[in-house]
Structure formats: structure tokens, C-alpha cells
Amino acid sequence: MNKIIIENLSLQYSDGTESLRDVSMEIRQNAVTVLFGPAGGGKSTLLRCLNRLNDLTEIKASSGRILIDGENILDPKTDVIALRRKVGMVFARPVPLPMSIRENITYALDLAGEKRKSKLDEAVERSLKLAAIWDEVKERLNDPAIALSGGQQQRVCLARVIALQPQIILLDEPTSGLDPISTGKVEAALLELKKEYTVILVPHSVQQAARTADCAAFFLTGELIEYGEGKTLFTNPKQKKTEDYIMGRFG
Amino acid sequence: MEKSLSWREFIITRLIQTSGYSAILFVALIFFFLLREGLPTLTEVDMSSLLNIRWYPIEDYFGILPLITGSLVVTLGAALIAVPFGIGTAVYISEIAPRWMREILKPLVELLGGLPSVVLGFLGILVLAPFLRVFLNLPTGLTALTGSLLLGGIAVPTVVSVAEDALDSVPRAYREGAWALGATKWQTIWRVTLPAARSGVLTAVMLGIGRAIGETMTVMMVTGNAPVLAIKLGSLFSPVRTMTATIAAEMGEVANGSTHYHVLFFIGMVLFIISLVVNIIASSVVFRAKKRAERILS
Amino acid sequence: MMTKFLSRNRYVVQRIGFTAITLMVILTMLPIVGTILFIIYKGGSAISWEFLSGFPHDGMRAGGILPAIIGTLYLTLGTAFFSVPLGIAAAIYLAEYAKDNQLTRLIRLAIINLAGIPSVVYGLFGLGLFVLFLQFGTSILAASLTLSIMTLPVIISTAEEALRAVPQAFRTVSISLGATRWQTISRIILKEALPGILTGVILGLERAAGETAPILFTGAAFFLPRLPQSPFDATMALPYHLFVISTQVPEMPIQIQYGTALVLMVFVLTMNVIATVIRSRARAKRQW
């Protein structure tokens, strides 16, 4: 079933950098969809459109529609706060907020109006477990989150998103700064997550893309070149450009 | 709940926005009130008498030239002290001093910036003026020079902090490049670092001068307050009277709405315009547009 | 031979240059330290409980300076009351909301100009607007308002700098978690920028506490037999009092003058030191 439908999405930043050109695709529920391609291809831009984080950036022009559950989220009347609670995001660099581990997890819930301690405790445990970090931090939930290692920080950031019980989770190269063991833990968590959520991942390597993708989309200079089932796309790409990139014959 | 939240957000945003605009409002208000109280001067006193060399308000002589030249002489003297000493100190702090020395000097300079001008004026009367009178064998110690020396001290912190910022922002690679080519530290400072920080140092000088020309209490206390035309070299060693001191000394004793009152506001207007010009020049020298997008994307 | 001479010469020049600059720095610093020590030395003996807590009498030639101390306290608090919320809000606008456009540039230019306007011109403005036009009279209220506009640029620029120093990523993350802009600012950014903002506030108020010219015709009283009762009363103030007793009162005991200068200096420099300490502590503690 399709969770997100993107129709003819185009976008240009004011400073003329990265942009999207006429992208159309449908993203499946309860699957990991991977957006990959060389830097500057528009993957991150597309992610930042899905939760309207691009509102923070100066945009020259944009057109097209993004339908989530049938509603066009690019409509100016959209409640972006509710949207961002529904579409969570994990960034390339782990950014723990300057507070304790626990407060990092409860921050968004608290803002959303949840003050009951039992509910918050429950959410902390559930989301830290889903992010595969509970055992490592359960003894020191009140320590500052900044004191954790990079890999731990990133999983806390993932848990922070999960705590809101979003429907869609966006991950923008979430393992780019991590060692292979931490990377493995994050990837394992993703497989667990797709049972409940729709996961969209910008991987930090083609290998990671191939490992994790149910569906995969190849982006090049703002255009969607090829989109399909992960297995077929990585073993038997239809487009020459996709094949070149996967084989490392690029640039 | 969501509804009330967005209302709160809306109101707070508006309040913050209004506060942001308030600076423009205040500058406009200041200018407006100076104009309102100062402009009547032009109908009450004719130009030739205003641009005269005699300031003697009791008999309706409102020549402001002695006051302007008084301000200029004192400020020039102050600049001659504050610029070399200020830039020298900035160079020392940013290029020469070891780290521990820097940690002592910077707060010390800030401390000087924090000393109330009235305290410096007070010491000027009791210590500096008697010393200068004896040392230079003058009839009185309350001279333009006394004012210049103290004003120089008052302007130094401004010059130091702005110039040091400018020197600090010169990329380290420039210096390393010069050292690699065999330049001594001293040559690097003169031929590379200072020229690279040129615009910031210039701003420092402008702001220092602006600080000196606007200073009131110190000059009022130590320059002797004699409204005579100060255009000879010897003027530096005789009493003068500045624009700021005139306003401060006489405003308390004039009747609101009198010609004298209007002239004092007129002088305030002149001071306002001078500071406006100085600051616009100073800020346009360093104006560098930072791209907001850069911050957001990084 | 020639190059050898040149290279030695270069180091001689460097040595002379460094010595000259070091001398200049000493010449700049000695008077600062000297001034402070001299006033402590000369004024220290005047300080007594009676001096700090008594009223002046015998034409101010005897007694204490309590009304001036209290007056300066009132003026400083009054200034803080207006300038702190306004200044911080303006800084938030510039750091968090303002777009890079003509209007923002105009605001910045206005702030730079506010910082450069001579203090006596602020006095004129306060007289014109607050004392006469709004009819607050020569009062604590009028003087505080005048001083607060004067301190505004200091507070705005230091607070803005402190806000900008907070990493952008905190904002992005908070917004992405469904926080509004104001929630992000009030829950994260302000807390992180607090030491820097506090430093700016204290430095601004320090300037207000030591100023004389802006209060000359807006709120300062030559002599008052009692403490001010309301914001609409005029008040004595330390800097103005020092000015008065050192220039306007004949046969003023030198002791009292130095004592007053010392109290004023301690009042102002304590604020300065507090600001410096807060700043350096926050820098050491900061984790980003």
C-alpha cells in the first residue's frame, strides 16, 4: 500500500545549490525505501520536503504535490507541527539536545502536551528498546546525552524520533560518522522499525543501500533516474547511469 | 490546546518583532526631538551670528565656532594618543603576548572601558591638571591637553577591542605563509597581518574618535570651559570648551523654550549628525553580508 | 655577507619594535592599574558605616552618601526593568527571526548609531521626550527610560552574539521534532545562550550606573534631604554626586570626594568583574 505519493515535485534553493526536477514516485508503507546517488543529487532535499524542514531554508521556487495519506502536505494550510510529529527525522550527525538522555526522549512529547510521568516513562523505555540502546543507557537516563559515544548518541536520536510514534521515519545518512559495529546496530534497528513504520533512508554507501532496501530510488543531479524493488534494482538495473553508479564507474 | 498554542506563538512572535524594530523607532525619535527643539534656532538666531566666534549666551551671542573647534582640538589630541596606543596594545594582545598575558590584559582593558568618565574627570582635576600645570609651567592645568590625555584613555578600550577583533579574524594561514617565506614576526605583523585587518582597524579608529567626540563629563571637568576659538597650536595648552560640555553645563540653567535652550538642542543636533556620519562610515567599512543559508545548511 | 647583515638587521628591527610596543602597552596599562589602586588608597580611609549609611549634612561637607548609593541602585534597576526585556527580545528577533533584507540592515544600522550617540545627546532627548513632552518631570522614571535606551545597543549586540553562538543544529533538530520556533527558543536556545546574555546585560547596566550626562537634566538631584518615594521623584546618584562635590561645592573635604569616587568605582567595577567571571566560566563549561 502506498503511504506517500510524490507528484511532479520541483524545487530550487535561493543560492542555486541542490534542487529537484520533476520528481514523481510512490512510497510503500512498512518498507525501507532507499534514496541513493552521488552528493548533490537531491536526496536530502527530498527528505526535507517530506517533513517541511525546508521551510527553514530560503527557497526560490517549488511546484508539485506530496500526498501523505491523501493529503497534500505542501499546501500552505498544512499544520506543519502535526506533520513533523507524524514524519520524524534522524540527521547525519547525531545532535543530542543539551539535556539528559531522558529529557531528549521526552522533549517532543512534552511539547505535544504529554505531562503524565507514567506515559513518559513508558515512551522512554519503549523507544530506547526499539532503537537498540536501552540496555546501554537504562542505568544513566539522567546523564547528559552529550556524554555518550557517537554511535550511542545516534541511537538515542533515533529513539527520540520513535518516542513520538510517527508514521514515517526519515533518515539522512544516519551512520555516516559511525563505526561498523554501531552501523550494524542501527541497520538492525531499521529492520525492526519497518514492521511498524514507513522508513525512508538516505544511505551513506551503495552497500548499505543494497543491504537495507526494500525499494530503491536512484537520484542524479535532481532527477529520479530509476525506481524499483531493491533486489532487482541492485542486481539488474535498467538504466545505464544506475548501473554505472552501482558498479562504481562513476564521475 | 493546539489552538491556544498557536495564538501564544503568534503574540510572542509579534512582540519580538516589534522589539526588533524598536531600535529604528528610537533613532527616529531622538532625531525628531532634537529637530523639534533645535530647529527653532534657525529662525531665532541668524546664520552669521551662529557661525560667529563669540559664545556668550547671557548677552545673546550664540557663536558656536569656538565650541566646534574646542571639540575638534580635544578630539584630535585624544586620537593622537588613542590610535597609536590602542592599535599597539591590540597588536600586542593579538600577535605578541603569550596566552597568560592576554588573559590578564583583555579584562584590564575592559575594566578601563568600565570606569565612569566622572571618576576620570575627578582624578583629572586633582592629579593630572596640577601635574601638567607645574610640569609644563602653564597658568592653569585645566587645558585642552588635559582633556585630550584623559579622552585618549577613554577611547583606548574601544580602539583595542575592535582592532583586536579585526586582527584576530585574519586567517592564521596568512601569518604562517609569511613565516614560511622567512619573514620575521615583526615583518609579518607590519606587511601581512595589519594590512589584512586594515578595514577593521580603520573602524576601530573611527569608533574611538566617535567615542572621544561624544564624551561629556571628563571634558567638562578638566578643559577649563573657556569658549575661545581654538585654531592655533597653542590652543592645546589653554582652556577650551567643547560642544558636549556646553550642553551639559548650561542646559540645567536655561528656561525651557528660550533661544539659549533651542541653541543647546541645535548643538545636540550637530553632535547627533556627527556621530551618525562617523558610525555609518565605520560600519560600511566592515560591512560583510553573511549568508543566512550557510548557517542553516551547515 | 650582505644577506647575513640584512638578516641580522631584521632581527634587530624586530627586537626594537617589540620593545617599543611592549613599552606602549605598559604605558597604557599602568595608568589603569594606577588609577584603581590610587582611588582605593586615597578613598579607603573615608569608608565607614556612617559614610555608607548616613545622609549628607553641612552642605554635603560632612556625613554620608546613602541617598546617592540608593539613587544609583534605583536608576540601575529602573534601567534594567525597561532595557533587559526589550534588548533581549530585539536580540532574539535579529538572531532567530530576521531575514537578511533591507529592513534588517536598517535595524542594524540603527543599533550601531544608538551605540554611537553621545551620552549628553541622550540627556537632551530624555529631557525633550520624557521630562517635558510626556511630563514625567525630572524623575527616576525619566532618567531610567533615557538610560535604558542608551544601554539597549550593548544588550542587543552581546545577546545576539550569544544566541548566534548556539549551534544551528539544535534549532533544526527541535523544529524537526515538532517544536514551534518559540518553543525551540524558550526551551533550548535561551538556556544555552544565558551566560552570554547575562554578560551583556551586566555590561550594559554597568555603563548606565556610571553615566552622568544622560541623567543631568532628566532625573539627577543636587541634594535631597530624604530618599525618593516614587518613580516620579528626582534622585541623587553617585556619578552626579561625585561631579557636584568635586566641582560645584567649595571647600569640600577631599576625603569625602575620594570616598565617593571609590564607592562609585567599586559599584561599577564589581559588575564588570561579575560579567567577566560569568563569561569565562560559561566558556569553560560549554560542551558544544
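A, B and C label the chains in the order they appear, each numbered from 1.
Everything that follows uses one rule, which is that a residue touches a chain if its C-beta (ideal position, glycine included) is under 8 Å from a C-beta of that chain, and two chains touch if they have at least 3 such contacts.
Quantities reported herein were computed from a predicted structural model and do not represent experimental measurements.
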Chain nearest the overall Cα centroid: C
Chain of greatest Cα-centre distance to subunit A: B
Between subunit A and subunit B, centroid-to-centroid distance (C-alpha), Å: 54
Subunit A and subunit C: spacing of chain centres that average the CA atoms, whole Å: 48
Centroid distance [mean C-alpha coordinates] between subunit C and subunit B, Å: 15
Two or more partner chains touched - positions in subunit A: 56, 58, 81-82
Multi-partner residues of subunit B (at least 2 other chains): 291-292, 296
In subunit C, residues with contacts to at least two other chains: 99, 172, 180
List of subunit C residues in touch with subunit B within their complex: 10-11, 13-14, 17-18, 20-22, 24-25, 27-29, 31-33, 35-36, 38-39, 85-86, 89-90, 92-94, 96-100, 106-125, 127-129, 132-133, 149, 152-153, 156, 168, 172, 180-182, 203, 206-207, 209-213, 216-217, 239-240, 242-243, 246-247, 254, 257, 261, 264-265, 268-269, 271-272, 276
Subunit A residues within the subunit C interface of the complex: 51, 53, 56, 58, 81-82, 84-85, 88-89, 91, 93, 95, 97-98, 107-108, 111-112, 144, 146, 157, 160-161, 164
Residue numbers on subunit C that touch subunit A, as the complex places them: 99, 167, 169-180, 183, 187-188, 191-192, 287-288
Residues on subunit B engaged by subunit C in the complex (per definition of touch): 5-6, 8-9, 12-13, 15-17, 19-24, 26-27, 29-30, 33-34, 36-37, 84-86, 88-89, 91-93, 96, 105, 107-112, 114-123, 125-127, 153, 156, 184-187, 207, 210-211, 213-217, 221, 244, 247-248, 251-252, 256, 264-265, 268, 271-272, 275-276, 278-280, 282-283, 289-292, 295-296, 298
